[in-house]
Amino acid sequence: MHTIRVQTEDFDIAAELAAMRTNPAIGAVASFIGLVRDVNEGTGVATLTLEHYPAMTEKALAAIVGQAQQRWEILDCVLIHRVGTLQPTDQIVLVMVASAHRGHAFDACEFIMDYLKTQAPFWKKEATPDGERWVESRDSDEVAASRWHA
Amino acid sequence: MHTIRVQTEDFDIAAELAAMRTNPAIGAVASFIGLVRDVNEGTGVATLTLEHYPAMTEKALAAIVGQAQQRWEILDCVLIHRVGTLQPTDQIVLVMVASAHRGHAFDACEFIMDYLKTQAPFWKKEATPDGERWVESRDSDEVAASRWHA
Amino acid sequence: MLTILYFASLRETVGKASESRGLPANPTVAGLVAELRSRGDVWAAALDAGKRWRVAVNQEMASLDTPLRAGDEVAIFPPVTGG
Amino acid sequence: MLTILYFASLRETVGKASESRGLPANPTVAGLVAELRSRGDVWAAALDAGKRWRVAVNQEMASLDTPLRAGDEVAIFPPVTGG
């Protein structure tokens, strides 16, 4: 069981958690929220614009969640990623994984984030006092994703 | 910066997240919620009662959060643990850790849960159709906590 | 004098939540537990060397060789199960 | 025919979001990229072998030896930066 959404609107972690809590077999919920920071690499960020490849995005996200479901015992999973123009402190992404016990929930949540960072077709552009710039991918994200290879 | 609370009342993850989001340096929030399950070790659970050692509890929780703050770059941290009698699907514990980047937030959140499970003076008693029983500690929790030893 | 507190299943087994008593002849956690165990019956059962129990002294986790002084608060309890 | 899509900084560098063209002589991702690069100028710069770019074929991540067939949708873009 899982929910995947790509949207311009904001999301509410409490609403997603409440939906999961209807299943009394769930003992552990691990979640991650990514937020827009007001500084990146030493420069102020006024807005962050997220572009994506619509035909591919949900397919890529579903593949990542599917891999997590094969590796861990997941009772429920929510993955929401926003696109469009956001401000500092705005929410970008939510990953929430429910399991009977915490080990599976934590591992699956971190796995999904690591794979999303390297596999899902989103790109960030920042508006700074010096103009617009595309965010560069980080080698540390490739390293994080490679940890999960068997 | 951190908040530690031990309380009988429920908590609201959205309210805790909103308080953190006033700091625009935060880019990553990892969180964990523990819930009461309706079955444990094959037996139905009607209620779960949490006892603690009041004079020690907040001191132990503050020591755990302090260790996390020494090991990782934490911008904010919330730890709330409930006591008293709870029902299946009720929330037991919330750990929420904010950092600039996700690696620190995930690691610190999981570390705090692993240490809480083996170091903080809480005990669970379940009401089942066969009567009341104290929950036994799990060897797997000792193993999980030992992972973090340097 | 020491204040001794018992929690959870251990409190139920020994039938009391707290007591006051003097320092043991061997003023360590091990010395105190040995004297409590020598009460026999439920005390010997609850504090059996093979059983799993934990001790905190002045609200911090302690070990068998932790020294005890007059005025200390000693808590004895089963392994914790919070979270 | 192939549909080719360009995203993010790569779209801005080559100055177009999409185009249609025939299969390359070498019907693989490598063959297509070589023909695009041979346009020179911004194309050579954007698709330089030392530059970091990624290719998806029919919305799935592909590699240089992924074969191409008529009707395929090929997307070329910089390394992703979501999350």
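Letters are used for the chains, namely A, B, C and D, taken in the order the chains are written, and counting of residues starts over at 1 for each.
Convention: contacts are C-beta pairs under 8 Å (C-beta built on N, C-alpha and C of every residue); 3 or more make two chains touch, one makes a residue touch a chain.
Source: prediction; values computed, not measured.
Peer 1: How many steps does it take, at the fewest, to get from subunit A to subunit C if each step moves to a chain that touches the one before?
Peer 2: Steps on the shortest route: 2.
Peer 1: Are any chains cut off from the rest when subunit A is left out, and what groups are there?
Peer 2: Minus subunit A, contact groups: B, C | D.
Peer 1: Could you tell me which chain lies farthest from subunit B when each chain's centre is the average position of its Cα atoms?
Peer 2: Measuring from the centre of subunit B, the most distant chain centre belongs to D.
Peer 1: Centre to centre, by mean C-alpha position, how many angstrom separate subunit C and subunit D?
Peer 2: For subunit C versus subunit D, the centre distance works out to 71 Å.
Peer 1: Can you give the whole-Å distance between the Cα centres of subunit B and subunit C?
Peer 2: Averaging C-alpha atoms per chain gives centres 26 Å apart.
Peer 1: Please work out the Cα centroid separation of subunit B and subunit D, and write it as a whole number of Å.
Peer 2: So the centre of subunit B lies 48 Å away from the centre of subunit D.
Peer 1: Please output the residue numbers of subunit B that touch at least 2 other chains, ranges allowed.
Peer 2: Counting only residues that touch two or more other chains, subunit B contributes 34, 102, 113.
Peer 1: Specify, in ascending order, the residues of subunit D that touch 2 or more different other chains.
Peer 2: 83
Peer 1: Can you name every pair of chains that touch?
Peer 2: A-B, A-D, B-C
Peer 1: Which residues of subunit B touch subunit C once you look at their complex with the stated criterion?
Peer 2: Answer in residue numbers: 34, 50-53, 55-56, 59-60, 81, 92-93, 113, 116-125, 134-137.
Peer 1: State the interface residues of subunit C toward subunit B in the complex, per the touch definition above.
Peer 2: Residues 5, 7-9, 52, 56, 59-61, 73, 75, 77-83 of subunit C touch subunit B in their complex.
Peer 1: Okay, in this complex, where on subunit B does subunit A touch?
Peer 2: Going by the criterion above, the answer is residues 12-14, 17, 21-39, 88-89, 100, 102-103, 105-106, 109-110, 113, 140, 144.
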